[in-house]
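Chain lettering (A, B and C) follows the sequence in which the chains are written, and residue indices restart at 1 in each chain.
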Amino acid sequence: MVEFDFFREIIFPKLMEGTLMTIVLIVLSVIPQVLIGILIAVGRVYGNKVISRLSLVYVVFFRGTPLLVLLFILYYGLPTLGIYLHPILAAVAGFAMCGGAYQSEYIRGAIQSIKAGQMRAALSLGLTRTRAVLFVILPQALRRALPGISNEITYLVKYSSLAFMITVIELTGAGKIIAGRYFIYTYIFTLIAAVYLVLVSVVTRVQKSLEVRYRYPGIESGGR
Amino acid sequence: MEDIFELLVRAVPFLLQGTGVTMSLVIGSLLIGFFLGVPMAIGEVYGGKTIARIIGIYVWFFRGVPILVLLFLFYFGLFNLIGLNLPAFLSGMIVLGLRSTAYQSQVFRGSIQSLGRGQMMAAESLGLTRTGAIIHVILPQALRLSIPGWSNEYCILLKDTAITYAIGVMEIMTRGNFIATTSYRPMPIFLTCAVIFIILTYGGIHLLHVLERSVRIPGYDERTKEAIY
Amino acid sequence: MEESRGPVLRVEDIRKSYGDNNVLNGVSFDVKLGDTKVIIGPSGTGKSTLLRCINHLDIPDSGKIFLNGEEVHGSKKNISKYRRQIGFVFQDFNLFDHLTALGNVMLGPIRVLNMSKEEARELARTELDRVGLQDKADLYPAQLSGGQQQRVSIARTLAMNPLLILFDEPTSALDPELIGEVLEVMRNLALSGMTMVVVTHEMGFARSVANEIIFMENGKILEQGPPNKIFYQPELERTKRFMHKISELYGREDREPQVAENQDNERRDNELEDDV
């Protein structure tokens, strides 16, 4: 359908650049996203009334709002308030905030699935609440939330494509530009679909190996 | 502040028309997903290895590829290839519907499998055919069990409709963007869009809760607590 | 350092209610250095709540707790300071599932006492050795039997070098054949001079190890005294009836040799005929 040279000279480099940008977006967003998730989850479970309610509001807002709207607010809206974000920064911020809300739900579920006795034992040793959460609760909760967290990262991989809507030339954007120029939409986007499928499988594989690495006996039942 | 208020007053009706479009997209896609997803789930559970494998590939594809890519692929690519000249709205609904099929089929599959073999065995031992058993015994239960999964799918679909902006569907996002760019006041407009989506999301969740409660079977509770999705 | 002559623990008029339910109705007692106090009584009479009030896992509605003369405050900043001096052994062990036995014992020293990892590890190995589990150090709680888990839990409290240890029905959740190994550890602990307050139904242990038995019911102390008295010459009718019931359930011969003399046996038999 398309000559190999054409592919090699023109298409491949552009798509590679796009893929690279996609990977950059993902890598930059993962840690902030999970951190926000942890913070919000801990705030909801262990915070006082004010913090707990604020966390709930955060979750309601960022789960109820489409990512696209959020990205537009960050990139097109903020400038009217004098805040000019680089498109990549706006994208990462959007992914982190939105994804963070979803992550917090997974992590909160995991925290609440841990037996109450764990906290009591930690406190009875003299650990402060903060330390108890840090060294006893979270290590267990995060392991339990791993499937959910990875699921969310899979979504991150896919929704990174929306960064194109705020002018970041990641994979989908690069594809649209080339496809539009040479009218080879089907070809290009089939390729692109394949790349995303690969990226998603990579995430799943990493998740599986993390689950194995950080498993401890008794994790499913939470001990006896 | 005043002119923002004026702006909003003029903008809201326009946005609400977009809401109509958005909700049509959501409901249309959900229905497509439902009427394709249920048979697909049944096929996957009862249809044998080959069918299950094919369905598996379908699901893997439509769950792994981003919506934006799917939209571009179908609207600009495949439909043209076939010679189909569908308007953006319909294209969007079809794509979202196909993707929803993939997710919903997994939800239903999970529900069906969580029922266990016992139900089917009992039905068949009474003399019901496979089909009859599925219709009269399995489905009524599995459908109820899937309502939470439906709730989830509704939320996701609702937000994904905003992405159809990229192919020009005149839903909330597109209209919002139009007003924002012509009035140079993106913040209040986009925030209003966000609020509209939030209301639609939680309103829908609430309705689905009501639905769930109205079809609840007394005493059935605890086994339905299993996370199905 | 001045030796404190006063009691290690003083509990003064503790009261606690959950809604309408008055769980503790004014409980007071002292614990001196080296004491082993055993609290007995019908289930649901607030014994566990009392223990949890002592280290403020539950906050008493009124009353005071004094540790070595200092009042235990409920303020968030200071409570950790007190808790680290009070060991607590739970009925369902509550070992940290994500850590090995060694890790469980090390956590407190590292994160509360700010020891270095190597020091903590040394200490943990010593304590695990003390409860007889040195070869299980690298196993996770899920891989240990109930009795082993409870012993690790005791080692965990010992590693903090507490002033006293509270035991909340430490053997109630154990299979019968595992109870002995835990009681053995507790007995050795008591004999070595550790100050202990134990809520239990294990009468054999109480009779042979306790230096005072406290009988509680309905959130109040009904009677207290040395084992000989409580077991064989209780003052109150109620105490008598309870002891009889317990002996029925758990068997008089239990796990410890008889201490009473023949004369007492006769007198007891006669009394029992009257009651029953």
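Following the convention adopted for this analysis, contacts are C-beta pairs under 8 Å (C-beta built on N, C-alpha and C of every residue); 3 or more make two chains touch, one makes a residue touch a chain.
Owing to the predicted nature of the structure, the values given are computational and were not obtained by experimental measurement.
If the chains shown are joined wherever they touch, the resulting network is a simple chain of contacts running from one end to the other without closing.
Closest to the middle of the protein, by Cα centroid, lies chain A. Chain pairs A-B and A-C differ in how many C-beta pairs they share in contact, with the greater number at A-B.
For this pair, chain B with chain C, the centres built from the Cα atoms lie 57 Å apart. Separation between the centroids of chain A and chain B, computed from CA atoms only, is 21 Å. For the pair chain A and chain C, the distance between C-alpha centroids works out to 48 Å.
Within chain B, no positions touching two or more other chains are listed. Of all residues in chain A, none touches 2 or more other chains. Within the complex formed with chain A, the residues of chain C that make contact are 55, 57, 76, 80-88, 90, 92-98, 107-108, 111-112, 140-143, 146, 149, 153, 156-157, 160. The touching residues of chain A, when paired with chain B in their complex, are 60-61, 63-70, 72-73, 76-78, 80-81, 157-162, 164-165, 172, 175-176, 179, 185-190, 192-193, 196-197, 200-201.
Those residues of chain A that touch chain C in the shared complex are 115, 117-118, 120-129, 131, 135-136, 139-140, 143, 216-219, 221-224. Residue ranges on chain B touching chain A, taken from their complex, read 60-61, 64-70, 72-73, 76-78, 80-81, 155, 158-163, 165-166, 173, 176-177, 180, 184-187, 190-191, 193-194, 197-198, 201-202.
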